[in-house]
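Some structures are shown below for you to check.
You will see subunit A twice below: alongside subunit B first, and alongside subunit C after that.
Showing the complex of A and B:
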């Protein structure tokens, strides 16, 4: 956390209300995101209890597993989830636009441009908290190796038809969420925490209700700090939290006092129904079972609905911020990622393996590093508040041009190399002939540090490029006296790293080529009587 | 002392509680791992830690029941001694009781299991109900389990020191978890040398309870039946250094957080925040220094704060008028 953010937090403490930590929105928000608020059963490592899911704020779909230990009920839940999520994903996957991509021609080895499809929009998934992102990954992992009856008629517990496909998509989303700056799968707590600084620790910011209360208290007459405390701790007469945790884990008091008795009633009603001896009795007992199920549904809805509303309120708040100029650029990368996964599914490739091979893993790591650097540079360029942090750290400086002297390079065809003197109060860490960059019409222009200026607080830069081909620089390409300029010590655009070998040429140091073992599709998980997912 | 009821009496009840679902599942899994005289558990110990030893068939499972924790601890020491003196056999101690001196007073610990190998060495076994997915478990949870096991290793070493020759307490413990989404056990050896060393050092540095008690005014009492103000005053007499990490570990954390807020301490935003601000420890001090109303301008922390405040104000003002100028750096 930079000193500027720390200061914002301290101001928030005094004001008892959140302070801005960004002046623009740094993440793309879809017009029609899919919000997913899941709940799990405690101790069962991801056994779903229920969820609210949908793209319509006023009409979410409630999915409930009345007995989380029952495999058939879990499969019903997953099948229903697939019915909501897959049509949304597929609607995006079907609408494409033409785009160009550079590929290496396999025969000539040359880089050529090929025309490919790019999905014109990607499906965006929003969960309440970081734990929700982990749960999406877990759901994906649990589903993608399942076998349907069609794939394997021998399987003892066939999964509903579309469940493995949903698993592959959720795996892709969970994996993409690890790429810095990506917006395919977002956690609301991360989004809000990126744009506002609260007067509490980042640990406490993980509580969506409290975080939102700092930013926009829902109750009249309470300050952000008071509302946050209330959201965190206040309980009703029965000892239940007024603001249920955003999940996916539930509050133990809810489990013990409300949920457990309701599940027990459901179990009893089910046993009684199974033991019914004639139709009339069965009708009665079916009624009791339905009532018990309805009770659990009501309980799950009561714990997910507040979070659902919170997520949408968070989206409202974020939409009030103007979009950052580069957020769209990163969203385009997300669309490429979405399209490439769509293509893999269409091509009939097998689900993502349990463990990545060496080349895939190295590629993923390189991507994350590159995107991290890109994100840091782009956020600074989009947002003066982020740039202020970089200036404080000595990684950028802003100031006024006080003098421009024209000079030329010493080659046969001299090119302009003007010397620009800048007055700045910032203290950049500039080495001799260090490269600095400024944004010129969206493209980076490089300059070289030529030494301190004659007056105090000035420094001299030699502009190196983007001045055209002629002897005289193009109009507007060289700063003029009186201009306000801002240079960064970091590069604005990220170069890709060295190309990695094909998987077939993995060096022995990294396990060698995958060989024949990798060609065999991965087996489904062994199933036992007591599975949780 | 029952800190949970103390916290309730102070008006900041703790939020800890275990869901009965988690509790039931944890117990069911442990019972499954230890079924059939611990056959499955010993198989895992043999496979992961001691592959060269003989197959664990017909292991001893001594009865450790006794009255009171002292009795059980004594019974455990006896069983460990006997097991160590019969080389060539495997012994499983189910829920032994160990005593460890913490800050001058004994604390009783109950590991899930301790295994005595045929060569006489001892291994701590920790059974957890979080899953090991494709061979990897949640690092935070594994870390917590390793710290817990390290304390057991230390306590076992104290027991071993009383034997002659002292048997070896293995520094690789066995962590047993459910495999993937099933209830089948799988295990992994976890090296706890580092956690052991850290805990050992912390235990040696802990202020002895008598010393803390000596500092207290005479007649101070922490009974939850006392009126809230009196109780608050009593608790105040024991110094506490609240940081956000306390929230996940201590029943009194919400009380300490409220006190920390009243005192305006900056540590409640996180320990790193405190470290960044040099000698300034309260919110008002920091903000006054940032505004230039207080503090020594030659103090590097104060100078950095003023620069930060200036840059932040400049950036917000620029954004307020809709960017332009240096704003977007364009």
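Showing the complex of A and C:
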């Protein structure tokens, strides 16, 4: 945790209310995000209990698995989920604009520009908490290798038609969520935690109700800290939490006292229906089964609805912040990612493999590290509060230009290398001849640390570039006396990484080429006894 | 190099002969072996660079085009200078990036060293050296016959993946006890895979090629007898090494007598025993604990003021202990910056102050270390990392002085390692928790309690 975050949290403790950790919104928010509030069954990893899902705040779709251990009911749930999610994703996938991309020409090996489609918007998925992101990944993993009856008539438990496709999309979203700064799949607790600092630990911040209470307490007369405590602990006369956890895990008191008896009644009603001897009796018992199912639906809705409302309230709070200047730039990268997955699906490629090969893993890691550095730089440039944190950490400094002396490089064609003296109260960790950068019209201008100035709290920088080609620097390219400047010790833009070999050319140090085994499509997980009720 | 031969040889351990035997075996496998790779583990100061230079010269003499991969520009420049010193006639290429100041300007003075940012300009030279990052951008039609990968344990697996296509066979040299490479983002998703891109290059290499010959340099020439035993026991329990010198071969003496202050007493203790612990009262502090930082700075100031002189096997006469022979090691960069500022306030310049990561591979007469856990309320995986403490405790030829707040032993007991166990990954021994305890227990015997 950085020093400024610690300070903000201490201030939040003292004020008993969350403190801003950002002055702009650092993540893109879609005008029409898809909110997904899932619940899972205790003790059954990957067995969904239900979900609220949809793009309309006032009309979410409630999906429920009345008996979570029943494979057929689970498939029904997944098929319904696909009916909500896929049309939303496909609507985005269909609307495209023309864009340019640099590709390596396979024949000449040269980098050439090609015109390609870019989806004009991407589907954005919002879940309440980080555990929800993991659950999306798990759902994707459990669905993408399934076979439909159409794909494989022999499969013993064919998946509903669109379920494997949903699995591939959720897998893509789950992977993309690991890229720093990406906004395709966001957890509301992470979003709020990025923009506000509360007086509790980051672990406690995973409770969406408590986190929101710190930021904007809903009840009158309570401070953020009191409201958060209430959200976390307060129970009604029956011992149920007033603010249910945002899931996907449920509260044990709810599981034991409400859900388990309800599921048991449902099971009994189902057994009774199966044992019905004539039509009249069956009608009666079907009524009982429907009533039992309705009861479970009501229970699931009662536990997801508060979270659903919280997510939308969180979105309201975030929308009040102006968008960060670079957030759109990062969203464009998300759109590229979305488009490329769409293209892979359209091209009929197999689902994402269970494990990355050596080259894919290395490429992903390199991309994420680059995006992490890019995100850190862009957030600081977009937001003075974030920059203040970097300044406090000695990674940037701001101050006033007190002197500018013109000097020139020692070459046949001397170029300007002006010495700029800056007075600053910051304490940057500058080494000898360290490189520093400032944003000049959105482009980074580099300078070199030339040593401390003659007066106290001053330092001298030699401006190195972006001054034009002539002997005299272009107007506005050199700071003038009295200008307020902010230089960073970190670079603003990231260089592309090295090109890795193709997977077919994996070197001997990494196990060699994948061989023929990799060409066979992966089968779904083998059945075990636990899979069938 | 089995345990038996080590025990049998123990009564008459001849460090020079042991090291020569190991080196001969390594060079034999490198030049005449049939495997595509040879791995050499080298404890701190065991002559790794000397080995690399020697292997490079012998490969060049055998007429095998050689590329050398090191991890930083400073390491590459250092190797070029050493190669040129050993064989000034050898045509050497230094491949560098297109940044300004991409390489040490001292290289320009060497007649047979050619520098270029393009690999094509250096074709045909006997040895071409560069960083892993630069090599990753090179493409060749015909791979090099041989490569030497230096600091291979500090190289990440993905960075080896980017360059492994450039060579047919390679000698991998490194110190397994130093800091592991790290990633700035989470990489748990690949934990347990043989080619986990965030693992070290050697881990991946050996996972895929378990039959490669592995050697070990058995003698540390840097560490004094007082330190080799502790560092070997604490950080290399299954691959012990010895110091090349014996107790009494090295001596640190001071012209100015002690003034009785804490820093002076700890300096005297370290001069006699090789170790000193300056213990400040227990307290939770920010990372840049002002008191501890000042204590570090005053120890350095006194080391210089007291006209120290180091006697060692290198020269018959005592050599003055100058600022250039002292280093300060910290865990974090802001701590290093704070120490630098405190030293400047005391009028000290030219003393190296850096983090463990940047001190790797460097050597000094005396080191002053700000303990990574000093003043902390918790012990994170970062602070418990074995390699961090190992680097800090193994940079010195004479003495190491640790500045620390009281209570770290209790802190360690409160925070046992809690890293999740990942299936398929090799558990590293010793873990940082245990190594920290071992070092702390040893330091406790050389403690000077001080209330500034």
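Basically, the second predicted complex is superposed on the first by the 529 of 533 C-alpha atoms of A that agree within 3 Å, B and C clash if a C-alpha of one lies under 4 Å from a C-alpha of the other, contacts with A are read in each partner's own complex, and residues count from 1 in each chain.
Going forward, a residue touches a chain if its C-beta (ideal position, glycine included) is under 8 Å from a C-beta of that chain, and two chains touch if they have at least 3 such contacts.
This is a predicted model, so every value here is computed, not measured.
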Contacts of A:500 with subunit B and subunit C, given as first, second, both or neither: second
Greater subunit A contact set [subunit C / subunit B]: B
Partner chain(s) touched by A:118 [first = subunit B, second = subunit C, both, neither]: neither
Which of subunit B and subunit C A:222 touches, first, second, both or neither: neither
Contacts of A:510 with subunit B and subunit C, given as first, second, both or neither: second
Partner chain in contact with A:79 - subunit B first, subunit C second, else both or neither: neither
Which superposed partner A:368 touches (first subunit B, second subunit C, both, neither): second
Subunit B versus subunit C as contact partner of A:282, first or second or both or neither: neither
Subunit B versus subunit C as contact partner of A:355, first or second or both or neither: both
Subunit B and subunit C footprints on subunit A, overlapping residues: 3, 355
Residue numbers on subunit A that touch subunit C, as the complex places them: 3, 178, 180, 355-359, 361-362, 364-366, 368-369, 372-373, 393-394, 427, 429, 433, 497-501, 505-512
Subunit C - residues contacting subunit A, complex: 36-37, 101, 133, 136-137, 157-158, 160-162, 164-165, 183-187, 189-190, 193-198, 201, 204-205, 208-209, 286, 333-334, 337, 341
Residues of subunit B that touch subunit A when the two form their complex: 15, 17-26, 28, 129-131, 133-134, 178, 180-184, 244-245, 247-248, 254, 264, 266, 268-270, 272-273, 276-277, 283-284, 286-287, 290, 304-305, 307-309, 311-312, 314-316, 318-319, 323, 325-330
For the subunit A and subunit B complex, residues of the former touching the latter: 1-4, 6-11, 13-14, 20, 23-24, 41-46, 68, 138, 141-142, 199-204, 233, 250-253, 255-256, 260, 325, 354-355, 380-385, 387-389, 391-392, 396, 398, 438-442, 484-486, 488, 525-533
